[in-house]
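Going in written order, the chains are labelled A, B and C, and every chain counts its residues from 1.
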Amino acid sequence: MSQAIHFGPQVELADKVKADLRKVRHPHYGRYLEEFAPGQVFVHPRGFTFLPAQMEAFARTYMQCNPLYLNQEFARASGFAGLVASPQMVFNVVLSLGVQNDSEKAIANLGYYDAQFLRPVYAQDTIRSLTKVVERKERGAGKPGIVTIRTLGVNQRDEVVLQYQRKIMVAGQGERPATTPLPRSAGGGAPAFPWVDDAAVELPEFPARLPPGLTGPNSYFEDFSVGEIIVHANGRTITDEHLALTYAVGNTHPLHFDRVFSSGLSGKMSGDPIVYGGLVFAWLEGLASRDVSDNAVWELGFTEGYHTQPSVAGDTVAALSRVLAVEDAPGALGAHCGVVTFQFVGVKNTSAGSALTRHGADLFVKENDKKDLGKEKIDDKIFEIERRLLIRKRR
Amino acid sequence: MSQAIHFGPQVELADKVKADLRKVRHPHYGRYLEEFAPGQVFVHPRGFTFLPAQMEAFARTYMQCNPLYLNQEFARASGFAGLVASPQMVFNVVLSLGVQNDSEKAIANLGYYDAQFLRPVYAQDTIRSLTKVVERKERGAGKPGIVTIRTLGVNQRDEVVLQYQRKIMVAGQGERPATTPLPRSAGGGAPAFPWVDDAAVELPEFPARLPPGLTGPNSYFEDFSVGEIIVHANGRTITDEHLALTYAVGNTHPLHFDRVFSSGLSGKMSGDPIVYGGLVFAWLEGLASRDVSDNAVWELGFTEGYHTQPSVAGDTVAALSRVLAVEDAPGALGAHCGVVTFQFVGVKNTSAGSALTRHGADLFVKENDKKDLGKEKIDDKIFEIERRLLIRKRR
Amino acid sequence: MSQAIHFGPQVELADKVKADLRKVRHPHYGRYLEEFAPGQVFVHPRGFTFLPAQMEAFARTYMQCNPLYLNQEFARASGFAGLVASPQMVFNVVLSLGVQNDSEKAIANLGYYDAQFLRPVYAQDTIRSLTKVVERKERGAGKPGIVTIRTLGVNQRDEVVLQYQRKIMVAGQGERPATTPLPRSAGGGAPAFPWVDDAAVELPEFPARLPPGLTGPNSYFEDFSVGEIIVHANGRTITDEHLALTYAVGNTHPLHFDRVFSSGLSGKMSGDPIVYGGLVFAWLEGLASRDVSDNAVWELGFTEGYHTQPSVAGDTVAALSRVLAVEDAPGALGAHCGVVTFQFVGVKNTSAGSALTRHGADLFVKENDKKDLGKEKIDDKIFEIERRLLIRKRR
């Protein structure tokens, strides 16, 4: 059903309405420290319909090499319903959808924890994002506090596709006007927030045979042994493209795309727009993907993720992986797949090989632990995380 | 039906054919002043099939926040047939398709008038563009003249989706060779040009209920009152990406992507490629969209649009809106929706808030009126327009 | 069928596993000279599902103006099954899929030969790439050798869509560790490699009538005469975008996106990342497309293609075409279409017109022949090739 409506011609009005400087509104987004209340649930705006060309574009932008994200025939032959959205894309989108409520006023992203990808996202799925405030830690007057939040990505069938926890550093409101209030919840109470500890992962049945030759020969489960360090050969120079890519995943924090804002800050974040951390993680993961994940059938998730230095346009990033654990997958799946946990480290403006030569084993000591261990922080280290992959056995 | 044809091997020929410098062709596009004849109709080349991933990509590139352009489930729940192409994208594409005939030789785009979006563009729609020359104003020998044109965007069912008027400044041909002639029209006469004054807008029936939480709480019809000024918080730094984005919408004017051409010019446009104005408009609109248009059900159109300063890569743009009129929508629609007219202003290399502090009410005086009012032009103001939106009531 | 599996919570492990610097792996890709054995067949990884929005995005990124790649209605009206992937995109993708085996260790791409586009690639087609080593020419100890390879692009029905030959310059392994070995072939023997000399081209039946006005009036078969030189008006400034575009087509050579790598090289390639040649070819082809190929019904292929100078971000490229041959298409097709062979030349940091004025006929002498002819190489010439198009007659 449609309607045909005449609105009449648009006539020029500006010079007929006096500009009144007493009626000025400054809508602001994000939340100041006082605006976070434990238990509160934010329903994030917009949502995001995943479309196949976008899914491929994301995988290619960060050079994710697993053909599940690039080759529809391979994805189907692997048991999936169609081309699979890279979990890294799902993470970037779900986090970004939440920035408007969670972190558009945040000073820093302190860490990612307990991220779990619970089911595939396919073309035509529409993902919404929800956040629950877990904890607000104040650290004294005038000091920014620390807020712990949990975020869910939910598809159009209300199934959770991703859950993770995040800590952010947020300043108090001070003299500043309050931010845009939350919409009232439909029923009045807090919206449902179906977080599940140790949630089940919904995966397809994996067939025994796959099209040959489309994945690397050296990245099967059997190729990884505990303690091994893998130096990923290529780096990637990040350009100004990152401003547009921040927009592309829907992240609304001006630190990443507004030079007037970023150069008005003081301290380490002042100057050129800082690359949104999710993009840095994505590039690093892509650089590693030929060596560790092109035979993965699933990204189980990650924890203990820290951006230890910011990156800006012009920086070249590179990555190293270290095998922390290898074990058979649970139950019958164990005959065909194993779980590999990697420590994953990013560096900048050096090759991964040179970074290893220069810093040795210290590259794999967490930056937050360095002080207690009497060690120096490593300036060219930008990221560290532990990630867990479900990887095909060679058989 | 297909045919299998042998063309024979390709053999090297270059050294067997002498280069003859007397047989040189220089195809040129656009029209010089003398080449515009009032009444003439240009059928623009190529056309443009709208695809869903492109439509989302456009909305994200400029951070249009209305979920109609981003979330297929929301678009359907809102009464539309599917994901909706952002009207801003439709405008950019229709104008760009016409550049090859209308303005590839233009010196400046003087203004946009009476733009009306007459029906939604959906995925798989193929849009063509047509232009009719309305007026050619000569201003004396050696001086560029002013050409007024009307342009239509038409879909594959020959329905007009957009119409607008534009004035451009064009130089005479002088000593230069003529541009590429128009193709002969199929029937011999001028092609049909179905412009309609005060045309009806074809809209879906809007359902009473929508998915909650996906749009902002403060941008319903009732939230806007005449005279109010809204300062949009974030800016956007434009990078070299604009060259590629000019290509992406199909704009063929070399001023926007050919540094050899742009640095060979004299005057204000000399130097780095100038950002195509349609892109500037799109970014500004996106920056405003959380505050004014994420509860819009339709962009009715705009008029009195002027790019008052050029932008180049490196500039940071920001925006302000001023409410010029609020009224109920006509007929039964008025129970659920209202029409809001905004004056919309863009600035560069300043935050929107600082620009308001510095320039006050003068920011909302049209630059073209400044001289008559004895006021100075504002250098950091880059754009002004009046736009009219159909916005949901909160009820 | 799906399965719900509990993997248990992910626990922090990094500080429990000692970093062991004796267990370091450096996976490397590409092949050193000794690793190429004539007769050997590489099945390249990943594959690439062509999606319509990507196909349009490619055509727009390089401003390919033939509506076959941009307008689905036009493509169908022209006899094709739907929107057609630009052959230039197919070439870029097929070559890039092979870089991981063929040329990620190559020093230079020496030339393209005998490229033939054998059938259209449509949306949803998944293309794989295969390479056969034809010849390995050693040039003495310590000197890089020359490898000749043939590459096929094959769709999901095992039909060849593209075949071409390439010569690359590759250094020996020296002291360096071997690269990642090839996966074993499924059956044990070399995979099938269905190269066919003078292969048939599968084309649709072309209808007599087409939608009017969507292609240019001056680029029909009859418009081209042997010897004629066509100067393409506009140039294109290449920006840092090329790093992302290299990723977008799946090219894994770090020379194009890793400044730590590229600035560590010596000689002409040292410094900023070099633009991947396939992208340069694509931009040049797009700049020419309004003048020579928007009435083409098929790109038959190309040969004798040489990148004679590298390009970097900031360079502005421009193009010229010279008609080498015009002939009717074979058989019944000849009534409606002809074959035009062009010599196609790219220049940089000059307009095409200025380059012709400066260098005259020498612009069309192959750079490799210059020495024998006692002529100087032309520094601002970046590319030369001979291309063959099947072009509609005006009738």
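In this text, a residue touches a chain if its C-beta (ideal position, glycine included) is under 8 Å from a C-beta of that chain, and two chains touch if they have at least 3 such contacts.
The structure displayed is predicted, hence computed values, not measured ones.
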| item | value |
| --- | --- |
| Rotation, 0 to 180 degrees and nearest 5, that superposes chain B on copy chain C via CA atoms | 120 |
| Copy pair chain A, chain C: interface residue numbering same or different (half cut) | different |
| Chain centre separation (chain A, chain C; CA means) in Å | 33 |
| Residues of chain B whose C-beta touches two or more other chains | 51-54, 57, 240-241 |
| Touching residues (chain side chain B, partner chain C) in the complex | 1-10, 12-21, 23-29, 43-49, 51-54, 57, 100, 124, 126, 128, 156, 180-186, 191, 240-241, 243-244, 247-250, 252, 254, 257-261, 264, 273 |
| Chain C residues touching chain B - in the complex, by the definition given at the top | 51-54, 56-57, 60-63, 65, 67, 70-74, 79, 83, 114, 116, 197-205, 212-218, 225-237, 239-241, 290-291, 294, 300-304, 316, 318, 322, 324-325, 329-331, 333, 339, 341, 343, 349-351, 353, 356, 360-361, 363-366, 369, 384, 386, 388, 390 |
